[in-house]
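This is the structure I have questions about; it appears just below.
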Amino acid sequence: MSLLDQYAITRALTEKICSALEKEDYVVQPVADVSPPKWHLGHTTWFFETFLLIPHAVAYQPFNTDYNYVFNSYYETIGARVIRTDRGNLSRPTVDDVYKYRAYVDKGMAHLLSCGLSNELLEIFTLGINHEQQHQELLWYDIKYILGHNPLFPAYSHEKTIEDGLKHAEKDWLVIPEGIYEMGYKGSDFTFDNELGRHKVYLNGASISTELVTNREFKEFIDAGCYTDFNYWHAEGWDWVKTNNIRSPLYWHNVDGIWFNYSLGGLVPVKDDQPVSHISFYEAWAYAQWSGHRLPTEFEWEVASDKFEWGQLWEWTESAYLPYPGFSKAPGAIGEYNGKFMVNQKVLRGASVATSPNHSRNTYRNFFHPHLRWMYSGLRLAK
Amino acid sequence: MSLLDQYAITRALTEKICSALEKEDYVVQPVADVSPPKWHLGHTTWFFETFLLIPHAVAYQPFNTDYNYVFNSYYETIGARVIRTDRGNLSRPTVDDVYKYRAYVDKGMAHLLSCGLSNELLEIFTLGINHEQQHQELLWYDIKYILGHNPLFPAYSHEKTIEDGLKHAEKDWLVIPEGIYEMGYKGSDFTFDNELGRHKVYLNGASISTELVTNREFKEFIDAGCYTDFNYWHAEGWDWVKTNNIRSPLYWHNVDGIWFNYSLGGLVPVKDDQPVSHISFYEAWAYAQWSGHRLPTEFEWEVASDKFEWGQLWEWTESAYLPYPGFSKAPGAIGEYNGKFMVNQKVLRGASVATSPNHSRNTYRNFFHPHLRWMYSGLRLAK
Amino acid sequence: MSLLDQYAITRALTEKICSALEKEDYVVQPVADVSPPKWHLGHTTWFFETFLLIPHAVAYQPFNTDYNYVFNSYYETIGARVIRTDRGNLSRPTVDDVYKYRAYVDKGMAHLLSCGLSNELLEIFTLGINHEQQHQELLWYDIKYILGHNPLFPAYSHEKTIEDGLKHAEKDWLVIPEGIYEMGYKGSDFTFDNELGRHKVYLNGASISTELVTNREFKEFIDAGCYTDFNYWHAEGWDWVKTNNIRSPLYWHNVDGIWFNYSLGGLVPVKDDQPVSHISFYEAWAYAQWSGHRLPTEFEWEVASDKFEWGQLWEWTESAYLPYPGFSKAPGAIGEYNGKFMVNQKVLRGASVATSPNHSRNTYRNFFHPHLRWMYSGLRLAK
Amino acid sequence: MSLLDQYAITRALTEKICSALEKEDYVVQPVADVSPPKWHLGHTTWFFETFLLIPHAVAYQPFNTDYNYVFNSYYETIGARVIRTDRGNLSRPTVDDVYKYRAYVDKGMAHLLSCGLSNELLEIFTLGINHEQQHQELLWYDIKYILGHNPLFPAYSHEKTIEDGLKHAEKDWLVIPEGIYEMGYKGSDFTFDNELGRHKVYLNGASISTELVTNREFKEFIDAGCYTDFNYWHAEGWDWVKTNNIRSPLYWHNVDGIWFNYSLGGLVPVKDDQPVSHISFYEAWAYAQWSGHRLPTEFEWEVASDKFEWGQLWEWTESAYLPYPGFSKAPGAIGEYNGKFMVNQKVLRGASVATSPNHSRNTYRNFFHPHLRWMYSGLRLAK
């Protein structure tokens, strides 16, 4: 596929995800971890403008120099940032302005790509594509949060949605023999720095389930009173449960004794045979404790991953998000990408129904803080 | 004027104030005290629907029963409320939906008014009109705050705005002789309960300025270092200054040594001859201390008010917001209107350029917490 | 009485109040409004050292120059302060050190007083005495809070305590005729600046109760569900009730359906015939609303005060704490005494069983924020 | 050594550490992570009373049944706890009462030990000893914090202190060859559950320094402006630096350009040749980044530990605190000991000058949150 096609397809998908939104949906930020869809649209565009067009496109004029301030995110090397919780206060630029910004940058990119890219620029371009794909997934999380926390519970769509991909698998235990294994990315295509370098680990032997824990099973955990029994929780998890009065996965609502679930199609009864989703690491770990099992490590997961189906939900692992042996940070703003987050976060492996096509591999290391659950997260047991 | 005309004019003005907005401007809530314009549009409509149409209009069907939850404000008697800081998280109902809601209720009201109103309903109707006028003024405050806290500093309008009404007056001192005066509303037109009952007060003699303190004078206060000298401040005012790092009135920005001011027309140099606006009670009081004067009481203000021009800015007084002798709360939700706020607030007298036509009188008692300044507030000296 | 006797008696009473304490009781600060007893002992001493000995006693050497930092309170003019909530973190100076400090300053003061005082110094001396008397009363509040919030509920004393002075009075209504009255202090003895100047007010006529509301009556308010009914509360009072989960006066504990009360003698059943104490303004006002009455203004209270018994509890009034006509702040640190607190506070009139002898008069204006209740506060009705 | 001797020596050491304190020092809690020394004295005693005497000593009468509420810590299975930040508000029980409690329990323990212990009780006894040793180390941290955050900077002692043990070592790099290693405790003496089970890991080869980073070296990091350059920090570390305005290790004070250090002997100039101490993980990691190295993993540290000197300071590692393969939680309250903390914390290896004799081994896994630094923590580089 040509670079231009690759670019055009990626950019179009972002806009397709947003096409079901009302203008008002683009603007709000109900909690700090959620960004307004408008911001995602601008920020992914800002990436191409800042790292490719401004430094490398001949005679390129920035669309609006104030936008760096508005659409920058965590890149401390590129000037002042809007503090993160402020994003939801900004009514301007308008949604129409942001789409104009996208069109303007797309035109600049089309021109730049038509001239061909050096290897160095190709690398940045590919990172930009992968970056936008990551934000496509975040858009799903954030849109669901925005609509799912509105008292009117508006549906994203009344048609088939990505969530129809959530299915039940066969239950079995796969044995992982003790021994030395090689881990990390070994191909030559694009990969994030956190998947490198390829290195050996020693596994002490384990079994891992072929199935994600289902809503039916998770209801048993609820019915057993586990949300009110500290025995199954980390000390911090228990504080989180009490402080936030957690009683079920995110988006679950108990209406007259029946569990309902806000889905992209609206508020519907919980489907027992779907894997449980939108749970925090604390909940995943507590479930594992209660059921007499444990979570797999990211290495166990990677080793066994070609023997089970994955890709429906990001799967919490016991592993902390740490650098692989030999990891080194790239220089400059690009180098801020992953390494700076390698503390206090947990690795999730796999992919989800919200992950963009061609944006998954079994060495991919996703990561979130243990209390978060607005992403499509689930749970696979090990022992 | 017929009730229907009165209604139509009021409702039209609200929409005219919003007509310069982009859809996105209707949605955001940068701080808890500011409400999204969309909410004002819905809330004022909810008032007529809840207190007139639903209980009194034959065969009226509510537009959407969920709206009570969304557009209720502080009326604890009318079911569950959205907690105030959440208003800015709600992308739905959309702006178009809210305008449809307005049109629907307007139609219901036209029908109800065409049948004539009993005295009891007339009283509620008049309260609804005055309530919407109050929200018209709040709309100005909130719109200015939303645009004035956007890093792009968008203008509300490039034409003449209400702020062009801010003018300099002649400086003089009016003497108020010692003696007994009658205070409070004495006519038979609409008045808020807090202006009643008419009663006597004894004034010990004072002088009051004919002029509001100007930007030029306030710059001297800044230049004298008063924002960094505790001597001129209440203890709580000084905490407020330090905690929030206050160095000037709201909307002032010092750019390379020149003071600029965000106005409805955009960011412009401060106009020396305009009265200083958007100041807190703490700042007003500190200025008075520094200049060797004091703030008038609300009674001094009322007595002298027919001898000076007022109406440009709400004027902070030294008076706390307390019930007049004989004040009594109306029963039911209407009774929650004013009395419940009579603690920890200061009275402001007059009116402002943002006050709706026919919504001012010299007995009107406006009130705000002493740290607030997003309203059009100013300062007149007494001694 | 000689100045030296006056000084010695005052200083001795402070130490007598503390004589029942364990060393550990001197140190802690359970909430920001409570100061460790050790701090009161030091701070009152610091006052005499700072304002009399250091500037005016020949050849006086400060006890320890670091103590200014430790024992200064709100006097911003006298160098850096320890921020208020930090007082409870300071284990040094020790209690023994603080008593040594007191003895050292007492010796210095004895010498200074033996030489006679100019009128100017006499004024500061008298303020110092009254200042220490105010802290004697605060010591009672703070000691009660410290012991009463300890899970062991230790008694301050098993003998008769000041709380035995809390008695029932006869119930009657006194009529206050409409007319002009003179208010404020008019003698020539010591008075606080906030009681000046003497001025006229016009009262519109009222009745005031001869009796404080009793525990028996207050239990009816509780039993009527008033702590869970917003109708009786200010909006801010209602927020306070909900945020802090208030269900009764401070120090009340419901044990198996019986109301107990932490008293200086330990945990005992609530005595029905005593006046209700340790209530906030919000609670006092809510009780008045519920009972169909109101709180008196401070002027009504002052006018009628020679016709009823007062002095058991500080009595909340409806009046905000504001300057009297003609009030002016004294220059320098002494001038920080009262004026800077004249915002967001309510006036309480009378005195309490914790008030020091000779430290009360019917023009005395005590003041607290409306949510506070660790002081000996009570409630008298008006109508 | 007999159990009784072991018990007596441990108990005596705890009291010896506290013997230099004033009574007031026992009571305060300047921040939530610091506990009052009084609480440590009571809590370690409560452990023996609760887990040995009450369930297993014939006819034992608890000293005071309220003490469970006061001296319980994180053991959720043993009834209600005092919330942690409240400990510093409790003036009672007094220090004398707590020493009486210790003596009472010591007498009970002497009797119990004289009768011999079953294997099960021996295990609890040994845990109790190790538990008290851990609190001995915490006592050092907390005492230093209490005295070092007092504006008078009182010395703990003017004699030689444990901090005189902090010395410079030779600088060299030790090579750790690639290969499989066995980790975890393998003896039969007491060990914490988190050191089990013994298991294999694969190391990819590394070098580790023989020397801890010194104050001299850390000053270079400061002088290079690293506390104001985000490039060297984790995103969360950078937030921590900015939010808390961090500019140096804890206890460092820059006085007129010279760095001073609060030590147990008082405020003294920083000693260049001592290892830098009281640094957070964020600071350790930032230093490693800046110097072009990295932190060792806990496994690298354990493998190399017999080739360098350790024991002066707890050494931050890159490893997250996670369960070893095969780890399982003990049942009951004892089982709450370690496993519940295995999230969001970092492993520190070694021991410190504050560690009790016989309470260290090279498999010991200490753990703290990455922002903490009131413990004796330091830094060893790897590459």
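A, B, C and D are the chain letters, set down in written order, and residue numbers restart from 1 in every chain.
Everything that follows uses one rule, which is that a contact is a pair of C-beta atoms (placed from the backbone, for glycine too) under 8 Å apart; a residue touches a chain by one contact, two chains touch by 3 or more.
Computed from a prediction, not measured in an experiment: that's the story for all the values here.
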{"item": "Chains touching both subunit A and subunit D, listed by label", "value": "none"}
{"item": "Relative to subunit C, chain with the most remote C-alpha centre", "value": "A"}
{"item": "Gap in Å, rounded to a whole number, between the CA centres of subunit C and subunit B", "value": "37"}
{"item": "Computed distance of Cα centres, subunit C from subunit A, in Å", "value": "57"}
{"item": "Centroid distance [mean C-alpha coordinates] between subunit D and subunit C, Å", "value": "44"}
{"item": "Subunit A to subunit B touching residues, read off their complex", "value": "22-30, 38, 66, 69-70, 82, 88-95, 146-147, 149-152, 154"}
{"item": "Touch list for subunit B against partner subunit C, complex", "value": "74, 76-77, 180, 199-202, 204, 206, 230-231, 233-238, 281-282, 285, 294, 318-320, 322-323, 325-326, 340-344, 346, 370"}
